[in-house]
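There are two complexes below, and they share chain A, which is joined by chain B in the first and by chain C in the second.
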Partner chain A sequence: MARVAFDERGADHLLLMREEHGNVAPALISKGEDVGDVRLDIPYQLITILETVYSCVPKGKIAVITRRCDEKALAELTKRGYVDEERMIKIGLACSREQIAMCRCSDPVPSKVDFGEPNKPVPTDELSERLSKMSPDARLQFWVKQFRKCNKCFACTHNCPVCFCDDCVLEERTFVPEQGIPPGLSFHMIRSYHLIDKCIECGECERSCPAEIPLLTLRKMLARDMKEIHGFVPGDPKTVSPLNTTLEGEPMEEECDEC
Partner chain B sequence: MSVKHVLTTCPYCGTGCNFFLQVADGRLVGVVPCKTDEISLGRLCIKGYNAHAFVQHPDRLQHPMIREGGQLKQVTWEQAMDRIVKEITRIRDKYGPDSVAVLASAKCTNEENYLFQKLARAAIGTNNVDHCARLCHASTVTGLLYSFGSGAMTNTIPEFDNAECILVTGSNTLEAHPMIGARMLRALDKGAKIIVVDPRETPLSRISYLSLHQKSGTDIAWINGMIKVIIDEGLADEEFVKQRTTAFEDLKNAVKDYTPEKVEAKTGIPKEKLVEAARIYARSDKAMLAYAMGITQHSNGTNIVKGMANLAMVTGHLGKESTGVNPLRGQCNVQGACDAGGLPNLYPGYQRVDDPEVKAKFEKAWGKQLSGKPGLTLTSAINEAMAGKLKAMIIFGENILMSDPDLGHVEEAVKELEFLAVVDIFLSETAQKAHVVLPAACYAEKDGTFTSTDRAIRVLRKAVDPPGEARPDWVIACDLGKRLGSSGFDFPSSAEIMDEMASVTPQYGGIDHDRIDKQVLRWPCPTKDHQGTRILHAQKFTKGLGVFAPVHHAPPMEEPSEEYPFILTTGRNLFQYHTGTMTRRSVKLERESPEPYAEINRSDANRLSIADGERIAVSSKRGSITLKARVTDRIIPGSIFIPFHYAEAAANRLTNAALDPISNIPEFKVCAAKVGKA
Partner chain C sequence: MMTDFRPTILAFCCNWCSYAGADLAGVSRLQMPPNVHVIRVMCSASVKPEYVLKALSQGVDGVLVLGCHIGDCHYMTGNHRTAKRIPLVQRILKETGIDEKRLKLDWVSAAEGEKFQKVITDFVQDVQKLGPNPLREVRF
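And now, the complex of A and B:
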């Protein structure tokens, strides 16, 4: 890992997972430091971690262990100017079969694979299929039952790599009153629609949800709408979200980075 | 550039979630869940995600202070320590060692609590050492010690996942222990039947299989009622009762009059629901009981806990995977503070101070003559201070002027003290009254261990330096011990303190910092090659046979009257924590729950023409507070609920300091109150 990041790619810093205290920990190390026992079997959402610590690393190139979804998250960040693409070095990690199954991931192989074996995608999300066949009423009932378990921990926003507004609308009282648990449908709907042109389906929201609400399925169903209606798929550094274009379809000059 | 991710343990409830504190150039910038932690599974609650927020708050105490002319003035450590030693020595010499009390802390580490009780016992010469476990699970310790021989959670947190039935009572688990609540949700998703018995509707009760609402203070009635149904319908585990327990005939006699009809009249629980709950609990193979303050904080709390133990024993739901009696402890280290001997009648490891053999053992270990007289409990210490018999207190990290019942009385008692020293991280309501205030390091600024509610010993690792001149409590305790002329207070780090604690605490005999750095061990762990104990009482009870205790319903000390027609019950909510010193300085938590409120049932509010959000006055015989009404169906008619987090409307101005005679726990959960417009 050290050889690839520092010697071959010329990184100054490396964000990775490694073994610490009998656990797997995220770690940001600098060139010359011991990488320790690297662990690729338990991926952390390193792009989210990168966002928190990015401003603390004023100089040099940063290498990050990057899955396919992480590449896309980085694209969303660099497009909006949160991260300087020139400073980023992607160490490609191909996800294991188990991880692909967990994410029902249809696009699991990074553009350059440095570690791991490329595996086949899972083309469909069974739960999405099942829900699509339900009546709108039954579908709503399904989600309402799931959302009743929500305990407002904000893990879904906290751990999300593309949730980067300075002022979170979910902390704004008009739509999400304080205190109320479980929060109303609006909490989940606002979040879903707010991410509709950004979500890269890494599944971190679902994995970190203490109530195990199938949030990734919710994202996938909305992503399908976005694709069908607008022909837009998040995660491509070259495309601009239809929510960020003028009426003439041109990218907005003074683009709001948060939207 | 320096960026670190430091694995440590959450400072809030007793679940013991581990997470990484993100540190950038000495600043705490965030919290990252630990995906491989067997307790949290890479998930946290909102308090966990914000556990970094208060640490570097500008309000942190940074320098020692001494009161001069009514004002707290900054002094050097030398001056502050001199003052404490001078005053404690003066008072001890004049009035005797039992005129001094030390309060240990459920927010401090095991190592620190071990030193606090050693400070009281070996350096000052008194068993007057206690802490806020007196206010939360004192009756669990006394009750379960009687029934089983051990006062701790019998099973472990991960086992909730696989339970088929979980009977939750007096615990608002999703709000007070969110990650244990999450385990219950997992069980629910797998088809488990969750039964909640609570006077309030809780986020868990709303999605439970059965939700029973009893009138506050009637717990023994429904527990005995369920036991009667179980015995009458032949659902008792006869084999278990015969092999593993004693005094079953006493139990049978005790419950014989608790018919479902009578129980309904007493508790308000419809008899069909009671019968159904009893059947589901008894018939499930893997059935867990979980409870918290709703059971313990009563003037007959010990008896209610014994009732819970009876219910588990009669059905044989003990000593096996996903069963047991599971008191959920509410502070990060309240279990450990008890284990480490922060109790006036018990040395570390629940060894009695009035047992001459035990006393001899500790005298040998510490090289000091010790007192064989059990000391004052926290609640009785307040009364003794009021009576002028207790003259000085050293308080580590407790906020008695918010957390104790009948605050008016506590304030009067504290005024009577000749000397009060408070060691804390913020200038709490209690520190504001002190003669000397010492600034302490918080959980993120020191090494040590917490013991979680399921007996797992969890590691704290230092992430950042303490602010200003603040020091870890163990350093302060060592310094005080030495200055008071005692040997045995020389420790280079907290690891050596644990080594000494392990040498005198049988349950911790196999614990050392190297071992627990990489693995989760649960006590009892008597030797270095022992792998710890997940399930207590597996082959036999700690005391041999489990003992059925015949217990009977008794009314609370204060019942509603014409003048005070409501039952007031207190507790906490998801977003705030205890006396609010930490959470109210965390922006995102304070946003969610910024002001005090009283929950009142819609029908009562209508009758009194009180609108939702209107300011009301709630009063008891002891005091009055004004706060917002929250009109709701969450609470049964005739009851009101007030969280105790808010100094501006402190619920404990109203609560009753009536004590359970065995455990000395106060009756926080029931007192009589009236409600009017403010």
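And now, the complex of A and C:
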């Protein structure tokens, strides 16, 4: 790992998951340091960590172990100017078959595979297929039951690699009441809207949810809608979100957060 | 039962066109159903999807978003944003099981008092057919 990152790719820092004292945690190490017990089998969005540590590392190139979803998250970040692409080195990691099955991932292979064996994608998400066939009332009952379990822990937001707004709309009292759980149906609907042009379907929200709400299914259903309506798929550094272009496709300024 | 149902409807009207259109409809004494609460906003693009989603999840029966016609926006491209946003919000409603017809986007200019009347009347009828918002009964 250290050889690939520091010697072959010329990185100055390396972001990875490693085991220390029996716990697996993300770690940022510099050139020359001991990489320790690297764990590649733990799916966690290192890009979420990168957002935090990026400003602490003013100089040098940062290598990150990226799965396909991390790659896409990084593209969304660089597109919005949060991260300088020149400073990033991607070390491709292909997901295992079990991980792909867990995420119902339709796009699991990174652009360059350094570690792991590329595996076949899973074409469909069973639950979203089932929900689409349900009557609207049954679907509403399903989601109401699911969202009632929400205890507003914000794990889905904090662990999301593409939740990078400085002021989160879900922390505004207008939309989410300060007291009381569950936070209401609008909490997850508002979050869905905010992610609709950037969700890269990594499934971290679903994995981190202590109430086991099938959030990834909701994301997948809305990603399909986004593709149908605007023909847009997040995760490509070259495309601009249709919410930031005019009807003719001319780019507009980013949305104003003040009003 | 159904005939007794009087839906509560929010209409977000943009200051420059639709609100003036609503004004014209009022001044011309056009008859309109009284279920609609008009909220004046500076531009249809300042209607955050959050407002729409919160209103519907709190039991409002229908939400209308009215703006200037494409090309006539006071802020040049404000209504382009709205035109792209509202279909997505409708899909979010649909995927969670709320009828997407409860949210409607239309363009009404300052000279279209009659169109304002028509849009309001049609929408109230549509929502009446859909019945009360199911979320009104859902307690969180």
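Note that in this section the second predicted complex is superposed on the first by the 251 of 259 C-alpha atoms of A that agree within 3 Å, B and C clash if a C-alpha of one lies under 4 Å from a C-alpha of the other, contacts with A are read in each partner's own complex, and residues count from 1 in each chain.
The definition used in the following text is that a contact is a pair of C-beta atoms (placed from the backbone, for glycine too) under 8 Å apart; a residue touches a chain by one contact, two chains touch by 3 or more.
Model, not experiment: these values are computed from the prediction.
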| item | value |
| --- | --- |
| Contacts of A:T124 with chain B and chain C, given as first, second, both or neither | neither |
| Partner chain(s) touched by A:P182 [first = chain B, second = chain C, both, neither] | both |
| Partner chain(s) touched by A:R148 [first = chain B, second = chain C, both, neither] | both |
| Touched partner set for A:I190, first chain B, second chain C, both or neither | second |
| Partner chain(s) touched by A:P242 [first = chain B, second = chain C, both, neither] | second |
| First, second, both or neither for A:D137, with chain B first and chain C second | second |
| Set of chain A residues, in rising order, touched by both chain B and chain C | 148, 182 |
| Partner chain A, residues of chain B touching it in the complex | 1, 3, 5, 7, 18, 20, 22, 24-25, 29-30, 32-37, 42-46, 48-49, 174-175, 178-179, 181-182, 185-186, 189, 203, 206-207, 459, 461, 517-519, 573-575, 588, 591-594 |
| Chain A to chain C touching residues, read off their complex | 131, 134, 136-144, 147-148, 169, 174-175, 182-186, 189-190, 192-193, 196, 218, 221-222, 225-226, 229-230, 242-243, 245-247, 252, 255, 259 |
| Touching residues on chain A, where the partner in the complex is chain B | 13, 20-28, 30, 42, 44, 49, 52-53, 56-59, 148-149, 151-155, 158-159, 171, 178-179, 181-182, 207-212 |
| For the chain C and chain A complex, residues of the former touching the latter | 46, 49-50, 53-54, 56-58, 70, 77, 80-81, 83-85, 87-89, 91-99, 134-135, 138, 140 |
